[in-house]
Amino acid sequence: MKCLFACGRITVLALVAYWIGFGSSHAGENLRLLATGSSTVAPVMAELARKYEQAHPGARIDVQTGGSSRGIADMINGLCDMGMVSRDLKPSERVLHAYTIAHDGIAVITHRDNPIDVLDRARLIEIYRGEVRDWGDVGGAAGVPIVVVNKAAGRSTLELFLHYLDLSPDQVHSDIIIGDNQQGLKTVAGNRSGIGYVSIGAALHAQQEGVPIKLLTLEGAEPTIANVTAGNYPITRPLNIVTRKPAQGAVSELLAFIHSDEGASVIESLNFVPVR
Amino acid sequence: MTDRLLTWTLGAATLVVVSLIAVIAVFLLNESLDTLNRVGLGRFFSDSGWSPTMGRFNILPMIVASVLLMAGAVIVAAPLAVLTAVFLRFYAPSPVVDTGRRIIEVLAAMPSVVYGLWGLVVLVPVIAAWQQPGASLMAGILVLSLMIFPTITIVVHSGLTAMPQRYIEASLALALNRAYMVRRVVLPAIRASIAAGVTLGAARAIGETMAVMMVTGNIVAVPGDLFDPVRALTSNIALEMAYALGDHRGALYISSLLLLAVVILLVLINEFIVSNKCEY
Amino acid sequence: MDRITEAVTCTQKQENTSGNICLCTESLCLSYGTRAALENVSIRIPSRSVTAIIGPSGSGKSSFLCCLNRMTDLSGSTTVGGSVHLGEHDIHRDLGKNPIALRRRVGMVFQLPNPFPFSIWKNLALPLTHHGVANKRELSGIIEQVLRRVGLWEEVGGRLRDSALTLSGGQQQRLCIARALVLEPEVLLMDEPCSSLDPLSTKRIETLIGQLKDRYTIVVVTHDLAQARRVADHVALFWNVDGVGRLIEQGSAARIFQHPQHELTTTYLEGQL
């Protein structure tokens, strides 16, 4: 749960991180890079970094999470070498350079024991607006209240999901607000009447590990790697690395590694779709 | 000569710590000031809600949540901790004392994330099976009590161990039985230790971030009952500081300043209890 | 070794105490774990008088005192042999498993004054409320009475709500005596009660002991022979024989000081004179 350490970031730590990140980019032999941002990108980045470090002794890449907005903010403030952002850049952010490293979708998840397998967009909107509060009203077990798990503001998964439902944050009724993907997965896995949404890659990975969750079919498309690759799944997004200046030196070497076959296999092993 | 050296070293160390605290306080104040001037203190308590990106800054529900979490945890943990410490000091056979104390020390040193994870994976589902949504004020209080219980126990137990043996001799020679001695002599005699333990526990409870964020549901609202989700000030900072800009960021700094003030207040209250030597 | 045992039995037979015997022990032995501290102590303590327990350090004086109100129960590893009688009762057999009834009848004052860190009032009221005195007026009555008895009323009567720790050492010790008296014990055990006090306070306590013996049986351990001469009616000399405390000689103060019968007593008295 690497992500957990970063969320409680104190400014003093940020200053330290700044010092490490800033000082080290110029360190030559002992190369150190700091990546911060999206908790969806972080596990991919961490695994890629591990492989890269093995191939390049002396290199060290630190990964910290805090949401895509942190990735953007840290990059703008010069606090990191790479920002991790799990969505497209907004017009106001276009001063940054984005490099897509993989594609992902957002899966709607419930507890494994929930009889529901499919939900359409209209039902989802009703659920997230708090208009439907009982699973019985959407074809599930009657009398079981729906516990709506929502992401905290500033998370790109939230922005994308609400964009898909065409809702503003104010319109959403949530019962539980969670931080990162892992907390979302554990919350839904621990609540038989919960509904939430997380990165498809993270959800599939958790499911393989035996976490009792179920990924719902949305608009007839199952949330699978194949459907994301083929563009059949309704909520997809790019996972980006952003930099202030066009990537050069160590960062561009790392990007080259990510786009190599070896990088692609790492990304696939984590259930994301690599960019070829 | 060595004494002077020691004096200087200790003095310097103290100075470093004190000035660090001062630097943090000044930093927080400095970061808050712009926002305070622009938004005004009143709106932090009277706005219609908390959505800082839309200019609404009411942090009152989160203050209420933090205080309720702290108070609840202390109310649950403090009596248990005092009873445990008394048990270990006066009632438990000596092998139990040693293992008991060691276990409690391990519990006290356990990272809060571990408690949070336990709360998220075990406690919240249990509460959810009873009262939805599970992630709630109740879950937060229970996880925090579990966290501060060992802290308070250790401080109180140290107080009991450090208490002069002659109070016990005097009690026994006066034909007091053990229960009465504990209640009327021992506990009053170590109330400074109890106050210190509770202060430490309360400060840890109100400052706890990760564990609370994982189990309380993080909904910004004044809870109607124990099973409603709440968002603590600390969780709010952790959830939003990463991307907060402008007055939003300032508001989070004001929350931090508020937390610092609460902790200072706790220490002052403790100081007052300790210095107030004689009862009635 | 033989000679000493003989001498002990000898003195016991010879002794002819006047008045009632309040406390007596028969072949009392005490050991801490495997280490013997007292052996074969048979003593007779007459009521309403002052018995001084004298002897060099390590002769088991304080250990002996602790046997009399079962403070020896405090550490789990002690074993007591022989018997202790308080009046007609065997304190181990007749007074049951719980030493509380015994301690109500046998009060104790320690070497260091040990008032509780509470007010003077609470120090004195605590044992009373525990033993069933709840009425405020009754409490005040008893507290005033015992404070007068130890001569503290004039000094602290007006500030009973002050912390007992604000008193001087001598006052604290008198407060502890008063506290031991609130339960109206028959016996008052005092373990070197003046050893931490200045001469003036010592004198006050000694005078107090002289006054209290009309109502209580007092056993006072002291290493100060002059004090024993000043306060004691009866004296018992303890000695460390091969690492174990033994009673060497007992008798009236006058006889012990003027005609000691055992050579250890003679040596001890001369060494101190």
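By written order: A, B and C. Residues from 1 in each chain.
Note that contacts are C-beta pairs under 8 Å (C-beta built on N, C-alpha and C of every residue); 3 or more make two chains touch, one makes a residue touch a chain.
As the structure is a computational prediction, the values presented were derived from the model and not from experiment.
Among the chains, the centre nearest to the mean of all shown protein C-alpha atoms is found for B.
Between the chains A-B lie more C-beta contact pairs than between any other two chains.
Computed centre separation for the pair chain A/chain B is 33 angstrom, with centres defined by C-alpha atoms.
In terms of their C-alpha centroids, the spacing between chain A and chain C amounts to 79 Å.
Put simply, the C-alpha centre of chain B and that of chain C have 49 angstrom between them. Touching chain B in their complex are the following residues of chain C: 69, 71, 74, 100-104, 107-108, 110, 112, 114-119, 122, 126-127, 129-131, 161-163, 165, 176, 179-180, 183. Residue ranges on chain B touching chain C, taken from their complex, read 164, 166-170, 172-177, 180, 184-185, 188-189, 277-280. Residues 1, 4-5, 7-9, 11-12, 66-70, 72-73, 145, 147, 152-154, 169-170, 174-179, 183, 186-187, 190-194 of chain A touch chain B in their complex.
Those residues of chain B lying in contact with chain A across their complex are 24, 27, 51, 53-54, 113, 116-117, 120-121, 124-125, 128-129, 132-135, 209-210, 213-214, 217-219, 229, 231, 234, 238-245.
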